[in-house]
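Sharing a structure with you now.
Chain lettering (A, B and C) follows the sequence in which the chains are written, and residue indices restart at 1 in each chain.
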Amino acid sequence: MITVTIDGKEIKLEKPVTVLEAARSAGIKIPTLCWHEQLERYGGCRLCLVEIEKMPRLQTACTFMVADGMVVRTETEQTANVRRGILEFLLINHPLDCPVCDKAGECELQNLVGKYGPAKGRYKEKKRKVPESLEDPIIVRNMERCIMCTRCVRMCEGVQGASAIDVISRGGHSHIEPFSGGKYDCEYCGNCISVCPVGAIMSRLHRHSFRPWQMENEIETICPYCGVGCTLIVQVRDDVIKRVVPRIGSVVNNGLLCTRGRFGYEFVGSKERLTTPLVRIAPKTQSGVGSQESTLSQPPFDKGGSQGGVISELFREATWEEAISLVAKKLSEIKEEYGNPAIAGIASPRCTNEDNYIFQKFMRVALGTNNIDSTARTGFAGAQSFIENIFGQGATANIISGLSNSDLVFVIGGDPTTVNPILGLQIRACSRNGGNILTIGNFKGLEYFSPQKLVPVLYTEDILLEGIVTVLKNKKRLSDANSKLEAKIKDISTSIEDVKNICKIEEKDFNEFLNILSESTNPSIVIGKETAQSNGASYKLLLLSAINYLINGRLYLLSDRANEQGLLDMGCAPDILPGYRPVSYVESKRRYESIWESELPGKTGLTIFEMVNAAKNGSLKAMYVMGENPVYNLPDSKTVEAALRNIEFLVVQDIFLTETGKLADVVLPALSWAEKDGTFTNMERRIQRLRKAVNGNGMEDWRIISEIARNMGKKFDYSNAEDIFNEICKASPLHKDLTYEDIEKGGGIYPYKGEPLRDGMEEIQVHNAERLSVNGKLYLRIERPLFHSGTLSRRAPALVKIYPEAVVRISPDTAKALSFKEGEVVRVSTKIGSIELPVVIDKALDNFSVMLTNNFEGKSAYRLMGYDIEPVTRASVLDGNTVAIEKAGL
Amino acid sequence: MLSKAAIKELNEIRQKYPDASAALLPALYIAQREFGYLGADAYEAVSDALGVPRAIARGVGTFYAMYKHKPMGRHIVQLCTNVSCMILGAEKLSDFLKNKYGLETGGTTPDKRFSLVIMECIGACGTAPAMLVDDDFYENLTEKYIEEILEKYK
Amino acid sequence: MEKVLLKNIENPNSADINEYKKIGGYRSLLKAFDYKPLDITDIVKKAGLRGRGGAGFPVAMKWSFAYADTKFPKYLLCNADEGEPGTFKDRPILEKNPHLLIEGMVIAGYAIGAQYGYIYLRGEYPGAYHILNKAIAQAYENNFLGDDILGKGIKFHLAVHRGAGAYICGEETALIESLEGDKGQPRMRPPFPVNVGVFAKPTVINNVETLSNIPLIIEIGDEEYSKIGSSDCPGPKLYCVSGHVEKPGVYELPMGTILRDIIYKHCGGIKAGKNLKAVLPGGITTPVLPADKIDCPMDFVSMPKHGSMLGSGAVIVMDETVCLVKVCHRALKFLEHESCGKCTPCREGTGWLRSILERIENGEGVEGDIELLLSVSGNMLGKTFCPLGDGAASVVQNFIKHFRNEFEEHIKDGKCKFKSLRV
């Protein structure tokens, strides 16, 4: 026990901390500028100099460690004079432009000068003049105001790990710059903005549009983008979101945000938002998405945002009453005429648990069908259930921050720093803490974190993984803890020769990788969507499960949608009821029949891909799509479009008129994430609350559906999201007895208070797919960029400014072989279509791969990608899409 | 891109350190020699070679006075003007370089033959005033001696 | 006194290993390997060797801390970044006597248990860079460096790391940062380099001259060694004298030689019969001494008692024609240029002081400027991260302390009267 006296107050400490931390623990505030609780100690600003008895010089409280018996004085005449002197030094080159500075009101320098008194104007020389840099679309840099505390640099390098900015030059000439000197060209997390104490680095999104004290409301909610589930503080003025900031201490993201979370909010206020229900007037063949050519020449949305033209061609506006009774009537008619199986619904990983629960209940109770699925089927759902079948329910529900405490993180199938950026930071932190990063493949976001990489030839990952299992099982003893898996492991064997010859991996690299992997004591394995969507995915998942078992690791499954986990938990799948009760189990069906007071269908429904097929062949007559855009988010999107055009009655409920919406018979405007209450369940299976921040013109998804259900004579009486949550927790054994209050108190973390589920584990089935050979061909793969996620991000102007258009990425060798230059427009063709795109030469790519994102309307990868269905996981397999690139216009 | 020879040289230097990033200063010297000065290309080449983020490489490079960030003449005249040299007439020599050769501090002659860099102490105080031309020391300078010296550099 | 550090430097081939061996070179190394590492530290301790870089810290103390640390590998760094203006004492060792340094480093490495050494050489010494590299290659060939030195099972590797123009890298934690490929900005202490130094390993940093004393101490023993020079900081010392003396240069003299003797006896007095005005006894950041205050023994202990510091032993002699406002300004211009920018008082204060001095020197000073100089430097003194900022403040305060009238005249006359006296 250490006892120190600070300002006469005796403080007892368990372990040595800095004087500043000791003072803060006792509520004594020592002024600081360069210090920040998220950052490494620095000791540069000198503002926290304090008197310490028996020390000849003043010491910086932020760096000096306490010792037993130490006596510290933080506010004396001497320290006040020193601080006045330091502030004078800071002010001699700092412009006195507080009246026009956005930071005024929350500026730490301004506040300190207020406390210690203004400078006396003794500086007669000219102040340093640096023009404000507006070269970047997102971040304004004003180096006149910079006080060189370097918080931004330490954030960027030491926490974010992007190392995109640094101090340039030295001494009085020091200033902060991104590499280019102008545009940032970085990860645009904006965490530098969070930590800047003055108005030197600021967001352009709300430039000169408000003063901090004019903020009317601050709402704590959860990010709408990916499955990490970061806490956001949404700041509102005049019912408009002005700014999104993080909160230090929030459980998942602790004061950090990524680019989507921080800058992606503007879609809420987009002029393209749907405001009234729409009823189709145009024939089904007309949609505005149409052919490639028409889309290119006539963008469906005006640049300014108004979409009046397209809407009035296709639809007429309707009242809610009319739209709801029309939907109820048509659905009832189709049910009557064609039977329950002719109707299907697609749920949304962007909607809340409450929305999704109501959606599946509506499909099952009102429409009598289990034809419910979602885009989680494209990878996440099947991969998770495969893994859970081996290791038990909740096998992937691991705490994200646990990654930074791992001694090893093994990454495959996607760059975590772009798919789930805040999770990616935990992997970078693992490296910084001395942990090893092992990757199968090249991941740019981990490049500076000393990854030990094995990069097998495209489509030979399975052999490499077999090789790893083969070596590991000889190094580790099988414990018989999981006999089902061990039986499989015993059959796995491949030779190092195959790894060398087929994967083209050097034996030395392989052995080094294996040594690190086998010596790890606290490893984590992170699996991305590309593995789940690959040829032979189930076998690779088995191999990864085997590796995980042999090294006793934790599994993380990347999830690019905010509530992908939650929608599955809510039973938005053709084979499961809420809480993973299989529809085929009589017992679980009965349970829900009694709770919902309704008979339920017993037959497993269609997956999303089966729905598309059923639509194509005409057996599916009606479809209800909630907050999803299948025409865009499913591979082979032109076929999906044609199939949906074939549906007699299509209802689309969304916040924008999406490509799918344009095919609809009725379009219903929903509320966005910022306009409603509810809960999301993140990839850790942490249930967190969304809170309404602003008003919107539509209705909550659950409310629209409840209205329709009531119109159909069903009892769907809920007055708010909490009502629904309470029903969920009554109905779902997984969520047993949870309340909003429990969640508030941190009780929303798995395994909640629930009962064990999925008792009888099924046999492990794998599909041994035929290996694709890559000889000399190019293959189309999906780029999953940091800045986009699809429908939302492309209506977020800031994100569009950062990543404005679709590009095709090829390796330097490919570019050379085809003599393409950076930026040159080329035609990218597969057997199902072609698109013209500018080339980007990407050093991280191999010579077999061509990368394209699925984020830009009319130029999305899914327009060019055919798919197969993996027989075990029932996910789409995107491997094997050969592609040709040629000069455009030929 | 660095030349093959430069990459080989860098790889040898790299072996002297336990961390690749420790080879940054020597790598920047090599890049400066290869590119003439440290511009974006040079930093990117070093960044690729060592795995040091490019913004960090540039931050480090701009911290040190001997890395050049704009094109230089074929020969760099590095005149010391610190106290020992100053009190023995270094400032007059800098005036001489300006008047006779048109060499301003930090400037380059139009024929790209010389650039002038004013140095802090170069450790030739006992033989002040002194300068370095490229890597060669010249001491006990006079105007006449400077004329003779610069004749040697074409 | 017989020259040790500068022995044989008149020989044009003195940097060659064979010439060095001819005069007894590397014999101390052989002798040292007969001792246990701790015994060597003990001898160095008894010899009373203090660091020649400027601070005068007892060498054996650093060594024993690093030896006691249990982290491996350990590093020995030679600080060859003599950047303090006026200093050129290490250059003759580096260029003419590199094997003396290498021998000293191998012995020191053995004493502290270091297996790797680097010579951090200032970028401004391109000649020395090539000479050292060649000397190191020769030492490897002769098995004085390597995995198994002289078959004794002792491992020590040595490389030269070239700085790139930053005075601050003479500060040992900044030097470490620079060696690691970072900006040369000082680190906070603790942890101290002896525990967490370069590459986060125990590290000893010694100056060129310090390490070059080691072979002598081993050769003659601590008792003989401690008889050289001052009793409380013994040994030979390199004084480098520049400015207005008849015979400037590097002088190897016993530690504690009287400053007046250095100037008048060894250097032949003031050039061209002019009068002495002031001396910077240990480089430009050590307190300036007026002509009547030079009867002081030049060692680490005596100089502070006489109002200055030994610093690097760089004696800059200024005659009556020199404008001290201009010298003070030049010193501040240098320190502004070299401020690393990490801490506020130094980053902002050096430039402010320089601009006030510039005004005064240009005849644009106003009443109150001297008080302003004192106040601004006062706001820096004791508040900066490292000694550079303190040095800047102290330069200004000491020039004003001894030559206030000259500052006042500049302000009163609105001009510098020494302009006409310019050489």
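Keep in mind that, in the parts below, contacts are C-beta pairs under 8 Å (C-beta built on N, C-alpha and C of every residue); 3 or more make two chains touch, one makes a residue touch a chain.
Computed from a predicted structure; not experimentally measured.
Ranking every chain by how far its Cα centroid lies from the centroid of subunit B, the top place goes to A. Comparing the chain pairs A-B and A-C, the larger number of C-beta pairs in contact belongs to A-C.
Taking the mean of the C-alpha atoms as each chain's centre, subunit B and subunit C sit 23 Å apart.
One simple way to say how far apart two chains are is to compare their mean CA positions; for subunit A and subunit B this gives 48 Å.
If each chain is reduced to the centroid of its CA atoms, subunit A and subunit C end up 55 Å from each other.
Within subunit A, residues 167, 169-170 each touch two or more of the remaining chains. Along subunit B, residues 52, 59-60, 63 each make contact with two or more other chains.
For subunit C, the set of residues touching two or more other chains reads 166, 183, 337-338, 340. Across the complex, subunit A is touched by residues 166, 183, 188, 190, 336-345, 347-352, 355, 359, 372, 375-376, 379, 382-385 of subunit C.
Of all the residues in subunit A, the ones that touch subunit C in their complex are 41-47, 49, 57-58, 63, 65, 82, 85-86, 88-90, 92-93, 122-125, 147-148, 167, 169-174. By the touch rule above, subunit B contacts subunit A in their complex via residues 40, 43, 48, 51-56, 58-60, 62-63. Contact residues of subunit B toward subunit C in the complex are 16, 18-19, 21-26, 28-29, 52, 59-60, 63-67, 81-84, 86-89, 91-92, 119-128, 132, 135-137.
Residue ranges on subunit A touching subunit B, taken from their complex, read 153, 157, 162-170, 177-180, 447-448, 450, 843.
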